[in-house]
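Should a chain be cited, it is by its letter among A, B, C and D, assigned in written order, with residues numbered from 1 in that chain.
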Amino acid sequence: MSKPEASHRHKVGALLFRHETILLLVLLAEWFYFNAVGRKFGTLDNTFDIMRHSAEIGLLALVMTPIILTGGIDLSVGSLLGLCAILFGKLWRDAGLPLPLAAACTLLIGLLAGGLNAVLIARLRLPALIVTLGTYSLFRGFAEAITRGVDTFTNFPDSFLALGQQHFAGLPTQVWFFLAVAVGIWLLVHRTTFGRSLRAIGFAPEGARYAGLAVERRLAQAYILAGIVAALAAIIYTARLGQAKADAGTGYELFAITAVVLGGTSIFGGVGSVHGTLLGVAAIAVLNNGLVHARQPREMAGMLTGALLLAALSASALPKLLAKFRPLRHSAAPPSSP
Amino acid sequence: MAPLLQLSNVTKSFGAVRALRGVSFTLEPGEVHALLGENGAGKSTLIKVITGAHPLDDGEIQIGGQLITHLTPARARALGIACIYQQPALFPDLSVAENVALRLEKTSPVHGVRWAERQARAKELLHRIGAEIDPAAEVRTLSMPEQQLVEIACALGTGARVVIMDEPTASLTQKEQHLLFAVVRDLRSHGVGVIYISHRLEEIFALADRVTVLRDGQSVGTNPVDAINEAALIKMMVGREVSAIYPLAESAPGERVLSLTGVGCSTSGVHRIDLELRAGEILGLAGLVGAGRTELAQILFGLTPADAGEIRLGGQTIHIADPQSAVAQGIAYVPEDRRRHGVILEMPIAANVTMAIHSRLFPGTWLRDAAERALTLDFIRDLGVKAAGPQAPGGSLSGGNQQKIALARWLATKPRILILDEPTQGVDVGAKSEIYKTIRQLAADGLAVLMISSDLPEVLGMSDRLAVMRGGTIVAEFPRGADAHDVMAAALGQKKEAA
Amino acid sequence: MKRLFSLALCASLALLSACNKSPESGSSTGSGAKKLTIALMPKSKGNAYFISCKAGADEAAKDLGVELLFDGPTEPDPAKQNEIIENWITLGVDVIAAACENKEGISTALKKAREKGIKVVTYDSDANPNSRDFFINQATPQGIAQTLMDEAARLTDSEGEFAIITASLTAANMNEWRKNIEARLAEKYPKMKLVDTKPCDDLKDKAQAEATNLLSANPNLKLIMAICSPAVPGAAEAVKQAGKTGAVKVIGLGLPSENRKYVREGVTQSVVLWKTKDLGYLTIKAAADLANGKLKPGAKEFDAGKLGTLKIEGDSIVLGQPFIFNDSNIDQFDF
Amino acid sequence: MQKYGRELSVAMVLVALLLVLAVVAPAFYEPQPLLSRLAREAPTLVVACGVALVMVTRQIDISIGSVFALCGVCAGSLAAAGWPLVAVFGVTVLIGATLGAVNGALVAGLRLPSIVVTLATMVILREGLRWKQQGAFINLPDAWQWFGLSQRSGQITLIVCSVALLAVLAWASRNLAGGRFLYAVGSNAEAARLAGLRPQWVTLAVFVFMGALAAWAALLNIVQSPQVDPKSGTGLELKAIAAAVVGGVAVSGGRGNLWGVFVAVLLLACINPALTYLHVEAYWEKAIQGAVILLAVIFDGLRNRRQTT
């Protein structure tokens, strides 16, 4: 919810509330359809499958939410996941670091990579879409160059693989990490001044600066957070797969953006919620998993996700459009001041 | 001769709000017809109806004696109606010549573009209104006044029969205002009808032939200008007697709070500022647009930090690196451009009020809703803000109430120094006096107030002391009750006798 | 209002995960007469080579009356391959037959399947031996490598430079083949020299670009050996566009249908492959027999029905020797 | 001249790279491989022009790769069914334009953000094509390759075709009223509306035009080989957007010209072969392209910072 609890519904809150309710209904409808079609869909095992398969991508969607709330975007998280996976493997196998230390260094590398985006976007105020398009190629390029397309990192010890493949206290291990990050980011966005500042920057970047908010610092924090969580996702991905390869995480950023927008967050910034994103991730994960159980081909998942995204967008745009005439929206950077 | 424009009991409503209720209005050829009214009285809706931006619900509109059924912006333009908006509707990334051309040429997409012709026409139009602007320059690089003049050139270029000017002098310098008056008189002599909208009554008396006053969507009367005086006009606008507009200070100013010696900032052109500000005193900062007053405020608030001179607050030398450090040191700034820098319309009132004091109200960065609610309700009560509740979005408030919320945001920081930049710009007369009372009360409570205003009567009436800026520095200081002409002369930089 | 909403959210999620409909989990090994479900996974779905394998698999499924699931990732992302396999485990299929994009990644998922009692065979490219029961090998890697190397030597009078274009440098079977090619090269053809190996990610356009670069970077290149199916037409088109038809020979592992045009024009001299339909048929046959106990570990021979009895070397069933298609016989094959 | 600052600097970098290659690896200039390489870049150039015009109108289109692949497969199927060359070209461009119209209707009609609309259509079209085509190649009839001409003249026609198209578009965006409407809407859509330019129709038109250009590029691609690979076009949209950005087109609309994009396409296309000839590992290509994009956008940021007071 973009507001502290609303004593009564008002226009923006109502709209958002309605969007998430629709998405929850869609999620339930998916669940019951696949439950009817696939014999084993409703089992606990399958629920764990869904959680385990959507943990890394869910992390990226979670951390993409604060960025999109500021009206920015980050295309580089997928490539950063690949780069961090490679560096994690290299630190462990070639540099001989113990796994926990290699993991810590990887998180640091994620922080620095996020820092690069932060410096260009927050300090130099360059358009986020193009900066992260550049770092999208840069990080993937480094991953390919370091491994020369050949090298992969495997046979990790079982203790590490447990992180991605075993259970812990009833849930797949990585789900605990996911839940921790989810709760953390939900609190950050909805219950702290950091979240409040992100929204102000999203609605009116200049207005936020004149209101005494530390705009540059907050933007930088959002992109650095994205770097750290992408590194965490890389470690979990490597544990789940038992292998680190240069093309890890390809296309994950587009999935994350889809989940965030499906969850009701506006691409122009300001309006949006973390629990909306969670619903978006769940809706897509259930769809992908359910289609296998319903014996449908893989391609159906992509098509239905795209259609779901368009439907959600049109549903949220129609009332606003019918209510009053609205000037044309622009996709990219906020309007340049005359 | 048939009137250029004839509106007969036009009504227009947006949902429940009835913006225009049976307004009749005529514009004769070769006439400057002023349109006056408080904000929300229906002025901008009337313009939008005339320019075809909004279809009218009821009533008739005749242009050049011909009844027009459904009017679109393009058709209105074709019928010779041109409008100069307060916010210039120009293309920042394109050249001046192209901006003018896009407004004048009514061509289909397949027409060729003759750049030389565009350049010549733009140069001629700009020359006609005496503006030395390079037609090839990108509009992005022009100052606000220059952009305003480009708008006027566009209106002239369309050979419009009806020219609507919405607060055209809001950001013009004195010299450019005189130029504008000459252009308006030139238009009138060529039989063009001008609808002139402004809050500055002295302009209306200097320029208009007739004046129509709108109140709550209805026309309360049209009179020739010389048959009515200022007080009567204000009474028609506000519908009640406006008592002493500018409350007077009771107590003498306190000790020195802020002193600037030789302060300057190379990037914004402000230099050698020597100024002192006392607690409980309202220091007016007069001067023309472009004299650097807002730039000085931005130095004090850390938006463009000073790179010369010394700033002493309460006797200690301080450096204000950014807005956060300004707020921390008790300096607050209510910005001039309310739409872009003031209240964030999409966020609730509570969020707007507490936006400047996040660190104080929410120490551990955790939001505390109860505290925020309580603080907001206090300000809503104290400042008399008409709002649905602390969670209502800023956009649901009227202009005057938004300004009060902006003020509340900065009062919440309990500042020692409050900088107000055009506090009553675009606010109607009724709300203005309320704001004046609040400012005077704040000074009485010991706050040091620096008030920037281009409205001469306002700055003269409110300030205990007055500083005048020109060309980025302070050129003169006046005690209370100084003569308007001396102040204007200082602002214009002419010798006293040539004022 | 919002707190109410988040409560509803948590409640519904808890409800959903709790209501596991039927408690039985894991595969249904002991269910006897029920129809067998065999899940077949290609390396990636966008590859025509695996379409022709599927034709054989469909035929076997019809003959043996088993239910065939055919699915796989649409991009060569190893994580996606594991996800589908894990879904199949939960779905409770009887046998999983997978072509492995990369050895280590997929072995994790296949091991988990075997722990759940699901039989696992691999075909076309193998996983770690401990993560599958049998490997259906179209031909031994040595067989494939020797055929390619001998054919290359024949065409270049066993001297001069040649280059290899592979799918990806991490593809398990291709690395196996390259190892054997280099061994054969060292052993029999000292005067030939392997100058470079380039990946093309199973994309024809990329193979064409890589081949063009190889041609210009190595002026006296004699032959290009493309060991993944999309690379063969790609390399041929590059040689043709470079105007070096005949001067630079092109051979590789590919489908006759995709290369017929180039073989007829003499750009590609010979295409080595095996009857992909038979590979598909054999994979499903072996999977079915493994499931109902007819095929046991340690067996030496395997009765493959219409394909006759086939040799089993260790735990891999070999379809036969690779077959060379050239302009004399390419028209007789329709796959 | 300062106005064309960006285009000149990119041109200088390109010339420098070409000089280095001329000295170090003259083989790069061998006519035949050079011609093939230019011909292979023709589709990218056509698509980069389209996306540049979309970005000038302050929108974005990331569904080009999928439209490109779909149009390629449609053209291939029609050609295989024996349709004459001209008919196939016409129908394919129509299909591309229709797909563009779908994007345009959603963006201009429903006021939806173009990045998300085209993200959705990208995924729908790509997965839909994969589902239908399952990766099978389509064999084209013999007369199709190189328009039925010889390889050399075919390639030359291709290159001339795409560069001529660029020249016409560059001229039109400078000297045709319709072209200037794009810049006006991109610079300030509200002002455009007040000036009676009807920004919705302009936005719809630019998306339709983008679709048509993507189809045209697909045609220029399939005539280069006897088979149509349905997986072609992956990543084409990011490549085109990168070229537009490096070529000086501003994401915030209203600025940029197509000659800059032309130089940028050549520069980005030269990186891979240059690496091969300079015997640098080819794996550095993507990293270098990323660096070039970042440098271009940093250069742009500093230049704007100096201009606006």
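The definition used in the following text is that contacts are C-beta pairs under 8 Å (C-beta built on N, C-alpha and C of every residue); 3 or more make two chains touch, one makes a residue touch a chain.
Remember, predicted model here, so these are calculated numbers, not experimental data.
Chemist: Kindly list the shared contact partners of chain B and chain C, in label order.
Modeler: A, D
Chemist: Give me the set of chains touching chain B intersected with the set touching chain D.
Modeler: Where chain B and chain D share a partner, that partner set is A.
Chemist: Could you work out which chain's C-alpha centre is the most distant one from the centre of chain A?
Modeler: B
Chemist: Closest chain to the overall C-alpha centroid, by per-chain C-alpha centroid: which is it?
Modeler: Looking at where each chain's C-alpha mean falls, the closest to the middle is A.
Chemist: Per the contact rule at the top, check every chain pair and give me the one with the most C-beta pairs in contact.
Modeler: A-D
Chemist: Could you give the separation in Å between the centres of chain A and chain B, each centre being the mean of its C-alpha atoms?
Modeler: Centre-to-centre distance between chain A and chain B: 43 Å.
Chemist: Quick one: report the Å distance separating chain C from chain D, using the average Cα coordinate of each chain.
Modeler: 35
Chemist: Determine the centre-to-centre distance between chain A and chain D, using the mean Cα coordinates as centres, and give it in whole Å.
Modeler: Here the centre of chain D sits 29 Å away from the centre of chain A.
Chemist: Report, in whole Å, the distance between the mean C-alpha point of chain A and the mean C-alpha point of chain C.
Modeler: 33
Chemist: Where in chain A do residues touch two or more of the other chains?
Modeler: 3, 5-6, 13, 149, 297, 299, 302, 336-338
Chemist: Give the residues of chain B touching no fewer than two other chains, as numbers and ranges.
Modeler: Answer for chain B, listing residues that touch two or more other chains: 90, 92-93, 140.
Chemist: Of all the residues in chain C, which ones touch at least 2 other chains?
Modeler: Residues 45, 74 of chain C each touch two or more of the other chains.
Chemist: What chain-chain pairs meet the touch criterion?
Modeler: A-B, A-C, A-D, B-D, C-D
Chemist: Name, in rising order, each residue of chain D that touches chain B in their complex.
Modeler: Per the stated touch rule, the residues are 174-181, 183-184, 186-188, 190-197, 250, 253-255, 307-309.
Chemist: Using the touch definition up top, name the residues of chain A that touch chain C in the complex.
Modeler: So the residues of chain A in touch with chain C come to 1, 3, 5-6, 9, 13, 17, 20, 24, 28, 31, 35, 38-47, 49, 52-53, 149-150, 152, 154-155, 161, 165, 237, 240-243, 245, 247-248, 250-251, 275, 279, 282, 288-289, 292-293, 295, 297-299, 302.
Chemist: Help me check something: in the complex, which residues belonging to chain C touch chain D?
Modeler: Chain C reaches chain D through residues 45-48, 51, 74, 198, 203-205, 208-209, 212-213, 215-217, 219, 230, 233, 237-238, 240-243, 258, 261.
Chemist: What residues on chain D touch chain A, complex-wise?
Modeler: It is residues 55, 58-60, 106-108, 110-117, 119-124, 126-128, 130-131, 185, 187-190, 193, 199-200, 203, 238, 241-242, 245, 251-254, 281, 283-291, 293-294, 297-298, 300-302, 308 of chain D that touch chain A.
Chemist: Flag every residue of chain B that touches chain D in the complex, lowest number first.
Modeler: My answer: residues 53, 72-74, 77, 85, 89-94, 98, 102-103, 105-113, 115, 138, 140-141, 143.
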